[in-house]
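Okay, here's the structure, questions in a sec.
Order of writing sets the chain letters: A, B and C. Residues in each chain are counted from 1.
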Amino acid sequence: MWNEFRKEHAWQIKEFFFTIRLLRRNPSAVAGFIIIAIMILMALTASLLSPYNPIQISLRERLSPPSMGHPFGTDELGRDILSRVMYGARISLRIGVLVILIAGGLGAIIGAISGYLGKRIDNLIMRVMDVILSFPPLVLALALAAALGPSLNNAILAVAFVMIPKFARMVRGEALSVKEKQFITAARASGAKSLWIILHHILPNCFSSVIILATLILGETILIAASLSFIGLGAQPPTPEWGAMISVGRKFLMDQWWYATFPGLFILMTVIGFNIFGDALRDILDPRIRR
Amino acid sequence: MNPVIEAIDLVKYFPIYGGLFGRKVEYLKAVDSINLTIYQGETLGLVGESGCGKTTVGYLILNLLRPDRGKVLHNGVDITTLQGNELQRVRRNLQIVFQDPQSSLDPRMLIKKTVGYPLEVNRLARGNEVVTRVKNILGEVGLDEDHMYRYPHEFSGGQRQRIGIARALITGPEFIVFDEPTSALDVSVQAQILNLIKELQRRHGYSYLFISHNLSVIKHVSHRIAVMYLGKIVESASRLSLFDRPLHPYTRALLTSLPKPDPRKRHTLGVLSGDVPSPVNVPSGCRFHPRCPQRMEECVHLAPSLAEAEADHWVACHHYGFTDYQERRSQ
Amino acid sequence: MADPLLSIKNLSVQFFTYQGVVRALEEVDLTIQKGEVLGLVGETGCGKSVMARSVLRLIPDPPGKITQGEILFKGEDILKVNRKRLREIRGNEISMIFQEPMSSLNPVFTVGDQMEEVITLHQEVDRGRAKEICIEMLQQVKMPDPERVLSKYPHELSGGMRQRVMIAMELSCRPDLLIADEPTTALDVTVQGQVLTILDDLVRRIGVSVLFISHDLGVIAQLCDRVSVMYAGQMVETALVGELFADPRHPYTHGLLQAIPSIDEERDPLMVIPGIVPRLIEPPEGCRFYPRCTKRFNPCDKIVPKLVQVNPGHHVACHLYPRESEKS
């Protein structure tokens, strides 16, 4: 079984390792990757490595500055901020990945259908996408989250909805150019139906662009989700989500700087990490540079 | 002998939009009333320069484009009116091989799937049977079994054309359109592919429409030849007739423009003046008249229609004494 | 014999890529005499375009590098001249026209602007005189209504007309050598006929030497005085055009001539050269044609054959014609 897989996908495996090699040589790719890796590691090992239970209250120690016992200090209920930040990574990444999967998946299909079928359907779909895109993403996500009710899952849906048009637009563009290739005409001539062509020809050819867009959007996604939690529409207390922590920590910013600063710093690093990695990836996957 | 394909009075105009409101401003008269007949086991060569509409004819015959007028009969059935499942069933019988080995294969698709999917989408075979048939057809076109597990970029241009041919043949079609299949290939590879195409026809009795701008290649593969110019057929004859006695001035010009690979046969090329005109602003009367070295007064106003000048040798030219009353009336 | 105008000796060019080193040209020799039209023929990957670009040092570096050899033009080694001299040579003493004129003509300037620019760059003339020269040249390439053409943009002209503009532009400075890289490949056959006739006529009248590159043996037979055949980065045969076609010595040349479908004779099936062109990344040792050669024997896969004279003016690089038996 594995051998058959290896035979069929030999070239993709080779390409994958080639991409890795190219990424290793690219400084921003490496930097971005390290940051992302740290975040992922934190998220995965949070339950093992976090020094404290993130929701454990200890009023005696409330609002203590960073120390040996609490490297990031404690919040107003005495909860260890480092532990909360570590668990927060888990949440932020979960939000990011889910949003990308939903928005990317739906957006790609919508875009492919729109681009391939063209004419009226394309017009209709793209006008709808335009309407969604005409709202500032945060505002729209806010409105949706408010309508759906304050919860983390609703925040995910809201952000995903807002991101769909970006994927749809991009995939539609690619679909338009792939549509003109001769192998598509060949497929039609062989009796393939439109749905088959979209699934087997158009979507696979858009794959690498979707990946790149995903890495670039991931940062924005986390930011919007944090903003929603900041306002109170996303993660609810006591969930240690970074945005929510900043929201509360704002009040204490003057005297207890550590409260809002560390989660903020982590949001910053995560977004930057994904952005520079995504940039480097885009350059590397560009077929002209790949020669 | 029964004709496999009969194209009757095919017309295809492409609208061009322009102006402020994107209205239809002009028409690109790609194919303007074409009649073709292809018999079983024979190759009809369709030759002409860029813009003459030969590729459009190929697409019309396969119903990849719907004609504005006219019909295409396949074994007597008009395929231009078919839809959905009926059309799909006919598609197995009529296939096409393209010119560009770069874009005629999906770069992300394994050869096994590229060659095999016509069987799957037509529900002719599944699973292991597909694999077997793919292996067989690859062998027939001169490739190995293991080539199934590779991607297009791992192959040379000639090999990719073989793959394209394999894909076209796997459903066991009756009729295949070859759209400039060797134009993008080197000479030595072209020879291999041309031999393959002819051999396959001998072995399986396929009927071909072979489109090319290269007269030597057309002569090599065709039984009958039709010469196109600006959307019309100007001459049509058997291979020997056409090359022994080319009648239409355009055909003659094509032949004399051909540089021969023999320095002893040097001759003046370039008998024609002007450029290949665009099918948007089609000249009046005989479309060739602006460039024709034998232009007469009537050629400017009257379009000649295709008529038999010699036995089974058709020309559309006033020098062979034919006029077209219907054309005059409609002008 | 007088000194050749261009003499390329032992030229090797390599490209350094992620996949390995592409040995595009391997110790290639070539000469062009004054006033002669030399045809350079070969299939994809044989290195003819690389050769053409090497003459004007147009090989992008990286990834390409001219690793050895000399290119003597009027006695000077182009590979060693300084930038200033190189600029003098380019466009003025050696001109080049390409296959796709759309990419050599700037789409945002009129034809007139571009032609005048070329002229004023190399000659000491004012704009008025430059314009006159433009019109003269356009008349030489039989362009109808030259004044109007000068005010047009490249996309307003057809392919054939653009090529004629290119020819006019590149010949306006009366160069010693014109390099034509597949100038008619992208044109329709009737237009090709026109352009070739014009080119042939003009070249003979001005007395320009031409390095004419093509994969089309018909065009080569029509136009050239002498022909050099390349395969996979190596020069395999050189001869006067008549002799090359009548008496090809190298198995590749022979195979190539047999593989072309002919208007005049029946060839069924076409003689085929089995196999495909080798990759130039790890090329085989010895003669690169060895894997496909029907006449191969022992030393062919180990030793690269050198060009050897088999008749006056006729050189072949093939072990069938070994050095020792060379007689003049």
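As a convention for this text, a residue touches a chain if its C-beta (ideal position, glycine included) is under 8 Å from a C-beta of that chain, and two chains touch if they have at least 3 such contacts.
Everything quoted here is computed from the prediction, not taken from an experiment.
*Asks:* Using each chain's Cα centroid, which is most distant from the centroid of subunit A?
*Replies:* C
*Asks:* Taking contacts as defined above, which has more of them, A-B or B-C?
*Replies:* B-C
*Asks:* Just how far, in Å, is the C-alpha centre of subunit C from the one of subunit A?
*Replies:* 53
*Asks:* Just how far, in Å, is the C-alpha centre of subunit B from the one of subunit A?
*Replies:* Each chain's C-alpha centroid was found; their separation is 50 Å.
*Asks:* Taking each chain's centre as the mean of its CA atoms, how far is subunit B from subunit C in angstrom?
*Replies:* 33
*Asks:* Within the complex, which stretch of subunit B touches subunit C?
*Replies:* 49-50, 156-159, 186-192, 194-195, 198-199, 213-217, 219-220, 243, 253-266, 268-273, 275-276
*Asks:* Along subunit C, where are the residues that touch subunit B in the complex?
*Replies:* 43-44, 158-161, 188-198, 215-223, 241-242, 245-246, 255-257, 259-264, 267-274, 276-277
*Asks:* Residue numbers of subunit B touching subunit A in their complex, please.
*Replies:* 59, 62, 64, 88-89, 91-92, 94-96, 98-100, 103-110, 112-114, 117-118, 121-122, 149-151, 154, 164, 167, 171
*Asks:* Going by the contact rule set out above, which residues of subunit A touch subunit B in the complex?
*Replies:* Residue positions touching the partner: 7-8, 10-11, 181-183, 185-193, 196, 200-201, 204-205, 207.
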